[in-house]
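Shared between the two complexes below is chain A, which has chain B as its partner in the first and chain C in the second.
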Partner chain A sequence: MGKIIVMTSGKGGVGKTTSSAAFATGLALRGFKTVVIDFDVGLRNLDLIMGCERRVVFDFINVINGEAKLSQALIKDKRIDNLSILPTSQTRDKDALTREGVEKVLNELSKDFDYIVCDSPAGIERGALMALYFADHAVIVTNPEVSSVRDSDRILGVLASRSRRAEQGLEPVTQQLLLTRYDPERVERGEMLKVDDVLEILAIPLLGVIPESQAVLRASNVGMPVILDEASNAGQAYLDAVSRFLGEDVEHRFVTPQKKGLFSRLLRRSA
Partner chain B sequence: MAAVSSARQGADRDGPFQLRGNSFTMMVLKVNDPASPDFFTQLAVKVRQAPNFFRNAPVVLDFEELTEDTPRFDIAALVTNLRALYLLPVGFRGGPRAVHEGALAAGLTPMPAGRAAKLESAAAPADPQAGAAPIPAPPPEPVYRPALLVTEPVRSGQQIYAEKTDLVITAPVSPGAEVVADGNIHVYGALRGRALAGVSGDTNARIFCHSLEAEVVSVAGLYRVSEDFGNDVLKKPVQIFLRDGYLHMEPQ
Partner chain C sequence: MSIFSFFRSAPRASAVQAKERLQIVMAHERAGRTGPDYLPMLQQELLAVIAKYIDIDQNKVEVKLDRGGDCSTLELNIELPAREAAAKALKESAKLAVAGNRPAAKDGDESDPVKLAAGGALTNGGVKKRR
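Take a look at the complex of A and B:
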């Protein structure tokens, strides 16, 4: 049975799609059969970030509606063998996501894949609820600023009350924090929240800190998950995060301007 | 929990009516001198202080101070004048025989004397609105109600209400969350959201927290917003309570 991971945040523009693409690619690089699904119906972006937008014929909604088979809609990544993308529809809206339809697709995927990464849309409405409903694990993508932290807190509350695991009284959805667009220099100047500030409010384990990086935009524009840019800070940080997700003990990098201090404190909090 | 009901109750629910006991909190208007010319002017002043609290509030008239020697007065007129102030007299207690009979004739229900405020559900049309004024509530039911214990962080957007009991939280309360109790609120963690204790009017309710970073705190309707918190309490272990009609915040 595949494990269902949701990338969610509440707030928009914090890096859910970038992180979904990078994280799924990272898992595939480590040899796991991985699929990444775009739940942002009507605002289809994942295919662009993954660089497969010109190969989309059928999509997630077609499969839900029985208009296409799952195998027809899945796009195999050209760079990595174990990686598939399930794009969404640009013409429909979130109402096209039915719980039964989503469940059917996820059940089918979990027979073949080790990890199913769900790229959630922003908000706490239907699209986001459907993306997180079946999750086993949630990666909360947060920027180091107050509104993003508050929205992440809200989404944690939704996970604890409205996910399938919550409704059926199963083991709760496990949660980890991915702090993105972190700029240690601005943190130093007091213009951004510190890692510790965010952890204090959200009170969940830290999966990784992704530094603000030119490489992210560059990678998006050429349709390459940034994790494949191994020379970049952001790419390395995502590789570290994937290792931590798989249970390895990896030191947090890119957290301070000079790589000194603070680490021991952070390490204690990391999962 | 609402889904838990016996088969018999389920059958009742389908019938055209249900009969069951219920208790309501009501104000008692103690009538000391019904003949006083100031009676209604002073009462009107009182009502104007908290119009929403008093509007259409059911009232029990307490005639226990009256004796056989009290000059006769028109109970029907008293009821009419109270209704003019949007109070709804529904019952009475005590009083000499003549008053008793007059009250019955005016359509008031005799209430059992003493503390017990039990009545059958037909009597009162509605609960008095939970108001903002710190009006002393009747003592809580003598039955032991265990505190509501919350061990997970209370997240932004979540609301937790401890009905007729205390609320104990062993985790932080996030900004944008709301924790509400009829009794005390204890937060063994940082209180960053809104905390409202004694919402049904218990002025003895208190709020305790390990670190006060709240947006709003309130006891029995008296509130204070974070802007008004002093540095002596901010981010410190604090106890919040009412004394002499003021909200006190004391670092622990």
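Take a look at the complex of A and C:
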């Protein structure tokens, strides 16, 4: 039985899709059969970030509606063997996601895959609720910024009350924090919330800190999950986060400003 | 460290304020998620009691809520009708401080506006309740 992971945040634009793509790719790199599903119905983007936009024929909603077979809609990643993508519809809206439909697809996927990564849309409406409902594990993607932290707390409340595990009185969904777009230099100047501040407020375990990085935009430009850019800070931070998710004890990196030589400071370069 | 960063660090770092504000607002939101929010009911019932004795104009009732770290205030300002009040001072206020749901802010922060409001409630002869 595959495990279902939801990347969720409440707030929009904090890095859920970036993280879903990176995380799914990372799990596949570690040998697990992994599928990543786009739950952001109407605003399909995961396909672009994964670089498979030109290969989409059928989508998640087609499968739910019985218009296509799951095997027809799944796109196998060209770079990594164990990785598949289930894109979403661009034309329909989130009402197309029915609980029964989603459940059927997830059940079928969990027979074949070790991990199912659900890329949640922003908000706490239908799309987001569907993405988290069946989850075993939740990765709370948060930026070190007041509205993002508050929205993450809302989502934690929703997970604790409106997920399948909560409704059926099962073991609760595990919750881990992925703090993204972290800028250690601004933190040092007192302009940005520290990792410890966010941890103290949200009171959930830390899965990883992903630094603000130019590599993320570069990777999205070419349709490559940033975790494959192993030379970048962000890529390495995602690799570490995946290792921690798998239970390994990995020290947190990129949480303090990197010591820069005079030359690079003059050039104002950052990775 | 340059002379500029010296000036920059003089006011309280904005990240510190961010943390404090979050702690306070989220303590309330978390409490509101589990328990029912009694403030609207409390406010209605209070007004009903006052209306039993005094003919109040609903438009002249001002309700203010200030959610604080360990003490919140609910402030009802009711303008009494002229004939019942003294010659020129028409305004009287009833203030009620309601205990906070969860202490989040540091104690002894004298600049906390919430505490000042709570102090005001006491001097006005209002009711003050703490957990």
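The rule is short, and it goes like this: the second predicted complex is superposed on the first by the 257 of 271 C-alpha atoms of A that agree within 3 Å, B and C clash if a C-alpha of one lies under 4 Å from a C-alpha of the other, contacts with A are read in each partner's own complex, and residues count from 1 in each chain.
In this text, a residue touches a chain if its C-beta (ideal position, glycine included) is under 8 Å from a C-beta of that chain, and two chains touch if they have at least 3 such contacts.
Remember, it's a predicted structure, so these values are computed and weren't measured experimentally.
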* Fit or clash between chain C and chain B when superposed on chain A -> clash
* Touching A:153 in the superposition: chain B (first), chain C (second), both, neither? -> both
* Of the partners chain B and chain C, which touch A:197 in the superposed model: first, second, both, neither? -> second
* Residues of chain A touched, compared between chain B and chain C (which is higher) -> C
* Which partner does A:189 reach: the first (chain B), the second (chain C), both, or neither? -> second
* Asked: Just one of 7-15, 43-51 or 97-105 in chain B runs into chain C once the structures are overlaid; which is it?
  -> 43-51
* Would you mind listing the overlap between the chain B footprint and the chain C footprint on chain A? => 150, 153-154, 157, 161, 200-201
* **chain A-facing residues of chain B, complex** => 152-158, 171-172, 174-177, 190, 192
* **Contact set on chain A toward chain C in their complex** => 145-146, 149-150, 153-154, 157, 161, 187, 189-194, 197, 200-201
* Asked: Which of the residues in chain A come into contact with chain B in the complex?
  -> 150-151, 153-154, 156-158, 160-161, 200-201, 203
* Structure fact -> Residue positions on chain C within touch of chain A in the complex are 5, 8-9, 13-16, 18-19, 21-23, 25-26, 29-30, 33
